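The letters A, B and C name the chains in turn, as written, and every chain counts its residues from 1.
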Amino acid sequence: MKLTLKVWRQNGPKEKGKIATYQVDDISEDMSFLEMMDVLNNELIEKGEDPVAFDHDCREGICGACSMFINGEAHGPGRGITTCQLHMRSFNDGDTIYIEPWRAAAFPIIKDLVVNRSAFDRIIQSGGFISVNTSGNTLDANAIPIPKSDADAAFDAATCIGCGACVATCKNSSAMLFTSAKISQLSLLPQGKPEAKERVVNMVKQMDLEGFGNCTNTGACAVECPKGISLENVARMNREFLLASTTKS
Amino acid sequence: MANTLVHNFFDPKFVTLEIIPNYFKMSGASALIKSSLAKKYWMALTGLFLCFFLIVHLAGNLTLLAGDSARAGFNAYTKFMTSFVPIKVASYITYLGILFHAVDGLLLTLKNRKARPVKYAYEKPQVNSIWSSRNMGVLGTAIFVFIVLHMGNFWFRYKFTTLPTDVDGNFDMYGVVVESFKMEWYVGLYVLCMAALAFHLYHGFWSAFQTLGVNHPKYTPAIKKLGFGFSILIPLGFAIIPIAVYVMNL
Amino acid sequence: MALDEKIPEGPLEQKWTKHKNNIRLVNPANKRLIDVIVIGTGLAGGSASASLAEMGYNVKAFCFQDSPRRAHSIAAQGGINAAKNYQNDGDSVYRLFYDTIKGGDYRSREANVYRLAEVSTNIIDQCVAQGVPFARDYGGLLDNRSFGGVQVSRTFYAKGQTGQQLLLGAYSAMSRQISKGKIEMFSRHEMLDMVIVDGKARGIITRNLVTGEIDRHSAHAVVLCSGGYGNVFYLSTNAMGSNATAAWKAHKRGAYMANPCYTQIHPTCIPVSGDYQSKLTLMSESLRNDGRIWVPKTKEHAKAVQAGELKPTAIKEEDRDYYLERRYPSFGNLVPRDVASRAAKERCDAGYGVNKTGNAVFLDFSSAIVRYGKVEANTKGLDSNDEALVQKLGKDVVAAKYGNLFQMYEKITDDNPYETPMKIFPAVHYTMGGLWVDYNLMTTVPGCFACGEANFSDHGANRLGASALMQGLADGYFVLPYTVGDFLASDIRTGPISTDSPEFEAAEKEVKERLSAFVNNPGTKPVDHYHRQLGKIMWEYCGMAREGEGLKKAIVMIQELREDFYKNVRVPGKEDEFNPELEKASRVADFLELGELMCKDALDRNESCGGHFREEMQTEEGEALRDDKNYRYVSAWEWFENPTDAKLHAIELTFDNVELKTRSYK
């Protein structure tokens, strides 16, 4: 099939960007979206032009590197998938496709479609861990039984891949879904309870400091999240923050 | 601090985070005032308070439809509302609540705008969220403008102009209301603004609970249903009054 | 040079404890004076960085990804083995040790494997304490499953995302140390050379992938946790960025490369669909528990299926060849990975493949659906002769077990595996070979260590399922942090290593020249072109089956390709900017050398063992023929100028605790 691509091109963080138009022919329906981008890039290289920069790595939907805003949606049409899992059969011959980077003040553009998501790392560094040393001399793994429902809920929250689709989707570029997923995972487990109050306060602080917007509860993030992280996590974070900031000394 | 971070993001040392220790010391109380979540809590609390106010206000207004005793009843109600001290205090709290809700909303909106300085060229938000949830600011502004008009038309005239009195010696607010609702454009505007209120409540009611941390697979569907009912019935109640008055006076 | 493996004396089960007791230590105050560089932030690198930082060393961690959380360990699906014996099914440290040695076809080092089995239990305790949400049963205790054909249930898992959860655990431990300032994290940085001062690894040269800046970093030791080199095949289940550069640069600076030809080809992957294909997707091995593998019995049928004229469901039962069940009646579809992969290749080579390229076999769940459906119908007291009902009930059971995998398959292929059999084909998955290390995980370069998939020692010629995660974390959390002290104890008075020495200067200059040669090359072809060509050669001649003449041919082809690459590759852009093509070019240059060494190693090893199958060395029935008399050794290759001149050091393997047997699955 033949496609018209409208791709955001921007040379560096401080340079001005614009939408450039490219035509690609001979695109197979079985290609993944990123393989279609590979085709475009190889054509650009052969023509002596600068290929489009984009983040990608595992190409099986788990590393969270790929990050394209395609035709108005994070990771394009389709639910529960990342950009690398989007296939060209989701488009029709002759379609025009808009491809833009994640848009957020906290995710500055590095080049073209590549953004800097280290804000997420800093949120985790501010408290997204359990302070246990790595000696291996801890309790036996089965010493504390954990109700299956809690373990499952913690797992569901922990499946977040940190891709940033929630921020990209949110009209306010809010990082609440990301932050709350980690807070939920750790506060649902007995091992994470001792530090729960410090954790939620510190992580929310860092989130604010990074310049993400606020949550308006539109729910768009959860819809576009490739891992289906639930809004219940956001509520849990709201609840825990309220509790922590009213009871913490 | 946030700005320097953005400028220095090429610097790998930037990941080592000298900024955190200061932030660790943020005490609980200041977190409850300064954080983004705190602004949301206030939004939710004032919002729910205003929901309660709507119920009370509607109950009073419905006396307008009480048939033959409507004039006396409504005027007596107006008198009571403006002279009984606890109610007066409550009404000033309500005004404050409205202002707080509006200013807080404005602050949040400004921060949100700043969080996304460059917009997408192509957006398709309708596939992942409902319209009202994305337009709470616009809807809120419409409601605020309405409140100003509404207060100007009724509250201001009651307080600062001389009105005729009824048989009980109360000011005849009923007459003022009926006069206003004989104007088609005014009825139209009123109904339109109640539609805005409906959309605002449709998202706002449930959203307030979510913000305060109330989300549970068992109860959230019920809260959403209640919110839906509330967002239809309350504005409908308000909207019926001008229509009924208009029709009765044709 | 005779290599000292530094294996402690004494009985197998006391070696590690004794070694820990005798090893030199660095006192806490001195640890603060010592810097350690860690390359890679996967399970091995992440856990090593966190542990070293916690012990007090100053750690500098590097990864090419934008965040340490994205290292490819994240993609591991199945689980992690540990000899906890929670299921009371007779598991023990010895049994895990034995299974691993046997699974590796007797080509791994006894002492290392035993230590791995020994520390495996600590891993689970550690991870649970860190908040890794492993699967649990209704009593709230940890659940296990059986994996890879062993006889006990020792695999801990978190749905199909065990690797992700373990990595996020290590990442959170790292994040904690980063926030304390004990780890300095360099993401989007790639190591492009190792610097050796006075015979010791004392630093690295890196490229900042965002700005293109070339930097010098010094330390008292360099730990390589840079993963495997499966991407030498271009198409593999590795991530696009997975590369051999860090390990290869260390090799060129004197670290021996061991057993490079040992490659694991995983049998259940989604087949290649076209030339544009950029990577292959693995489907968990667990599918073979219920799926039956087959191809048509006749070539007519196979041709019709290939042309899309015949639907697999229309082929009658008697016209299907369930070749694994036919060849290996006792293990059937559950034979180990290497055996299953070769059998699929054999059928496809004979012309019975089932997709348009002829390189796919069916993995069929229809029998399982009927079987489960009948059981469900009976337990629910429904009519087990009602076909529609049985189908529905059976599909529900299969969905509960494999739903997410079926969904993933459908997303990629647009085929519904509940209605029509899946198509699968083997793909490169893991490399057992890697940098040669001694018992302390130190390479032949003093001060340069290797952990995880980057080293060679624990899996022999074939890795068992759910063992890679175990090894990565064992090395990083529990082995390296101790053994590194033995080396660093001599460095407590060294003080900071200067980056101004001529060695750093020379290494940096070399890197800069190499990169600028790429961007200034007046070529025409994209890097991918060469990578694809190399992949085709490797897959054809050094893939699932290798043969002497073919390997010799491949070596020549790779040499020619390498020459063509340097002459005609086009790398757009400049060195001092974000330039993904330049990154690729530098990695492919290393693959082009490594590929040749792999062929050379495969050519030397004239036996079939584990993932390495020499066509000359097979039984009459086509089974692998190991030659313990002549090849019971580790091949450690020393670098000289180019891969062609690499020199082999054969290091004999001794087995004092297990008896060498022929693996049989018939």
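Rule of thumb we're sticking to: a residue touches a chain if its C-beta (ideal position, glycine included) is under 8 Å from a C-beta of that chain, and two chains touch if they have at least 3 such contacts.
Just so it is clear, the model here is predicted, and its values are computed rather than measured.
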Most widely separated chain from chain C, with each centre as the mean of CA atoms: B
Centre-most chain [mean C-alpha coordinates]: A
Inter-chain centre distance, chain B versus chain C - centres from mean C-alpha coordinates, in Å: 58
Chain centre separation in whole Å, for chain C relative to chain A (CA means): 26
Separation of mean Cα positions, chain B and chain A [Å, integer]: 33
Junction residues of chain C, two or more chains touched: 178-179, 185, 187, 210
Chain B residues counted as touching two or more neighbouring chains: 15, 17, 20
Residues of chain A whose C-beta touches two or more other chains: 116, 118, 121, 125-126
Contact set on chain C toward chain A in their complex: 47, 50-51, 54, 65-70, 72, 74-75, 84, 86, 119, 122-131, 133-142, 158-159, 161, 164-165, 168, 171-173, 175-176, 178-179, 185, 187, 210, 237, 239-241, 273-274, 276-279, 281-282, 407-408, 411-414, 477-478, 481, 524-526, 528-529, 570, 572-573, 577-578, 580-581
Residue ranges of chain A touching chain B (in the complex, touch as defined): 6, 8, 13, 19, 69, 71-73, 98, 100, 103-106, 108, 116, 118, 121-122, 125-126, 169, 171-174, 198, 201-202, 204-220, 223-224, 231-232, 234-242, 244-249
Contact footprint of chain A on chain B as seen in their complex: 1-2, 5-6, 9, 14-15, 17, 19-20, 23-24, 26-29, 31-32, 35-41, 108, 111-112, 114-125, 127-130, 133-134, 136, 203, 206-207, 210-217
Partner chain C, residues of chain A touching it in the complex: 12, 28, 30-32, 34-35, 38-39, 41-42, 44-46, 48-51, 53, 55-65, 80-81, 85, 87, 89, 110-111, 114, 116-118, 120-121, 124-126, 128-142, 145-148, 151-152, 154-155, 158-159, 161-162, 185-186, 189, 191-192
